[in-house]
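Next up: the structures, one after another.
Common to both upcoming complexes is subunit A, partnered first by subunit B, then by subunit C.
And now, the complex of A and B:
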């Protein structure tokens, strides 16, 4: 905009006026609904609101209570474990599948459809299906035992120590297909000549992928990363359908804590405090990343 | 002058009867077979008054339905009437002026004298005004014992919790799960509440739950309760079911020795064709302390600014508590009626036991009436963790006392 040197034209504010008017509703929605709603939530997290929002401020009481609640701590720990493994495995499996499909194999369409299909299912269906698959009397354990391994035990959903991995398996099954497709699109965008050049230089296939192709696919990885991360933070329905937080409170997640305390426990203040903490954790991850991503470009 | 007054009076009567043709949407979460049949009795009686009952059943338990109901009332789209558990759940809605005051109807019909126990009406009363109609009494304090299971180990059916605890290892040896327990927070919390009354006694319970006295919660009476809960956890270790009715089914089929569950479990035994005293035994208060709590369901009437609707709401309020409707409803629901002056000859052995205890005054207010949903959720979370981990009795007791100390 600033590159305009025509003095007679009005200031930048009135350029493309119709486009700006057209975008007013969206800007208002963003400001009022997203920013306004967020500010309101943060503000009321400092009150002792119960069923109805009230403005009797109690300082940091809600946060103190939040961080001394075992269920919240377990939720955070679960989210960290789920997030860490989900991030790594989704990227690794998604990229590996995409790379394998990209080797011009026969029946690519069939495999692509099979791998992407779980993504067409909702988390509720995924959760229920995996609840049955991991049920010791119906699923994997009983199948393996009926094949002759009588002492085989695989019962993650009833074991508080490993239940979160049972959920992780279901989450990976549902989510890797999409990442695979995104990676595949990225791989298809790589010029054939790169491969030819690598072959001329005598670089091995795996090494080419790791040293040449992956660095070139940086934007694709960023997209995948954002998709996976947002999926991790908002995980709720999968847990509700698969374990409902059980056994005990071993597979609770933060979003479930927020919903429970806002509506079932009728304690809005506590729910708002928890959701504010979720927002803070997102910001803590986002800001350094945005700084690296956008701050770096200006210098370059 | 007299003629004018008479004319005015008759005109008032006319408008009153005209206003009776109202349509009311009634929301509730009674969707299982027996519950739906019971609600149909309400609908029939209400339609007979010339109004129309529009059924708004919400599937899922109270935990699912309550947020929907509350958000509709808050969102300015109130229903004509709704089921809620009376107690503190609706406190803030009443405070905000969103619930209709029923005091006039209540005084005209003398609810104060006929509702038994009177604590039910107290739970509906807020600052001296009445805001809900209690419709039934459900009590938690029951243990259900399978005759089959005890026949298998050649032991007489226990008459109280201590005998049961003594027989439990034998059941275990015979491959029977001593105590069936659904792995859900509210069931574990409920069972714990029942054990509190039976083991710590009413006085200690009252100090903790009504007066929120954390010192009593740290005291020896409650220590005994937590010890017993650790035992119960061992007995229930192999009970891998989730829903309460599946746990009840374990008792029905003799796979489990017993279950601690409220009187709604009775419906399951009835459907399975079992007879109280022959196939199963029920012990109120675990056979130790025969006291029943008086939780239950109540109907609230959100404020709707329309005279016809208001008249229909009042008509429904008085229908719900009328003697005939109380009998018809409670027989189908398996719960006890809220008024002492009705005749329940058709009640079975267990219901009769409950009625006798009510007559003898062995009652206490339910937890719903004394603890906020917030505190209850915290205790449920603690119980869910306690029952599925190897948390020690002392740790659990300490954390329980902390929750009580911060309760409001």
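And now, the complex of A and C:
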């Protein structure tokens, strides 16, 4: 970590001064916003702050209230369902599309461009587009009915039991392209000789993918998993645009709960507690990952 | 498929083998599914309301009308305000330009310092920055409200510019740092011998060499900031709302009769900027989004 060749050695603080000045924004962001802001929010989640942040500490009251609020429990359940399916489908679809594109096909660029364009669109645009397609009176449901299947019912956005799957459809459409691109890059990094060896041994294509290629792509899958997971926890604008949490509170999600309590319901303490829970869930995901990625290397 | 006796070289594949038909068939069906929403948005935005009410959303317009686009741009209402999406568009432009310039300027210089001018503790701060990128924004939203309020920037466009600069910093710094690290060190040393300092090397050597990475950063930031909803809704006042927020307010407003054609025209208008960038930039866009993923 030596600084680049300096002839003179002025006093420590002023050495390399320009670089230090250039790093001031990073230092401020890292210390004040990321570390300071996080610590502040966690600290104030133990207070009874309402409209303004106050320092009357009430222990775990906010958390007790949080975990006994139906809206939060629904949010967590939705996040779990959305997260579980989003994780599985994004990985499966992303990998399958990448594998199909990797079969030396014609028009690869055209297909890749089509699979990836939804990712360029915002969640608001995605949510509104799918809100329209899933419109019960004029959308897919009515088209299928008009084709003669009168009893066809597919109205997820107005059915509290399945509304989260309606959001999942939109989320998958938007996000699978990204994972496909990452998987494709991973597949391109695999030695051609592996395929030749598999062919010599008479192993079929699908079997080669499952037995040989996927295990080799472990780091790529880990990256994809982290990306998907951090996207899932953030999910907010898609829900706001597509259902606004409705019908009723059936499609609420944690990020929306936080914003609602902090900026609409003027119950800051609840918002801080809920956002701290989001932070905890990220830590729970990140620590095993960091351990696997970096902990192993030090020992090995 | 007859087994040939020549084992060398890739096996030539007949054009209409069963595998090929399945392969292309699957790809075409999936591609149609991915393209469908864009198609539906376009045809809906070109139909009149009577045609939408009786017709099928997948049918092309019988009578093409551009009225919904005009209305979405200049007449659509949010509450009592009926100036259309154009206001949101110009707000977004006003937010976008300084945000992109500021965030890239700061992150590129920062990445350069981290790559070529390491100082005691620089790696520690960089690590905090990268780990911080995983913290849910919700945790830092309110502290930032307080910071912006203290600085007198809460509720105006410059506050939002600062927020975009802050949250763009981890990914952009990573992008630039990795790029500058790959620049041959001899070049840097030669410039040092010639007496060039921190800024001299940055402006005269690093900047001209790294235009592609700047383009990648610009693509990343323009699409990211244009598509932002969360920061826009929290850090600006309704008069300054970016296009995404205004779009949501127009389409999801409860008053009045739903005009799906106007809604879809408005949605397309909002998606147009990132779509144009996406289709025009091609591989660079892919490089931009993969940049964050490479480090894994």
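Simple rule for what comes next: the second predicted complex is superposed on the first by the 273 of 300 C-alpha atoms of A that agree within 3 Å, B and C clash if a C-alpha of one lies under 4 Å from a C-alpha of the other, contacts with A are read in each partner's own complex, and residues count from 1 in each chain.
Here, contacts are C-beta pairs under 8 Å (C-beta built on N, C-alpha and C of every residue); 3 or more make two chains touch, one makes a residue touch a chain.
Bear in mind the structure is a predicted one, so any value in this text is a computation, not a measurement.
With both structures placed on the common chain, the touch criterion links A:246 to subunit B but leaves subunit C unconnected.
After overlaying the two complexes on the shared chain, residue contacts for A:71 are found with subunit B alone; subunit C is out of touch. Contacts of A:164 after superposition: neither subunit B nor subunit C is touched. Contact with both subunit B and subunit C is seen for A:263 once the two complexes are overlaid on the shared chain. Contact with subunit C, but none with subunit B, is seen for A:18 once the two complexes are overlaid on the shared chain.
Of the two partner chains placed around the shared chain by superposition, subunit B is the only one that A:52 touches, whereas subunit C remains out of contact.
In the superposition on chain A, A:227 makes contact with subunit C only, while subunit B stays out of contact range. Put subunit B and subunit C next to each other and count what each touches on subunit A; the higher total goes to C. By the touch criterion defined above, A:134 reaches neither subunit B nor subunit C. When the two structures are aligned on the shared chain, A:99 is found in touch with neither subunit B nor subunit C. In the superposition on chain A, the residues of subunit A contacting both subunit B and subunit C are 244, 263.
Subunit C makes touch with subunit A in their complex at residues 23-24, 26-27, 30-31, 34-38, 40-41, 44, 52-53, 56-58, 106, 109-110, 112-114, 116-120, 122-123, 125-126, 128-129, 131-132, 134-144, 146-147, 165-166, 169, 173, 188-189, 192, 197-199, 223, 226-230, 234, 244-245, 247-248, 251-252, 260, 263-264, 267, 270-271, 274-275, 277-279, 282, 285-286, 289-290, 292-293, 296.
Against subunit B, the residues of subunit A that register as touching in their complex are 50-52, 65, 69-71, 158, 160, 244-250, 260-261, 263-267, 270. Residues 63, 66-67, 70-71, 74, 89, 91-93, 96, 183-184, 240, 242, 372-374, 376-378, 381-382, 384-389, 399, 406 of subunit B are the ones that touch subunit A when the two sit in their complex.
Chain contact summary for the complex, subunit A toward subunit C: residues 1-5, 12, 15-16, 18-20, 22-23, 25-27, 29-38, 40-42, 44, 53, 97, 100-101, 103, 105, 109-125, 128-133, 135, 138-140, 142-143, 146, 173, 177-178, 181-182, 185, 219-220, 222-224, 226-227, 230, 233-234, 236-237, 240-241, 244, 255, 258-259, 262-263, 268, 271-272, 274-276, 278-279, 282, 286, 293.
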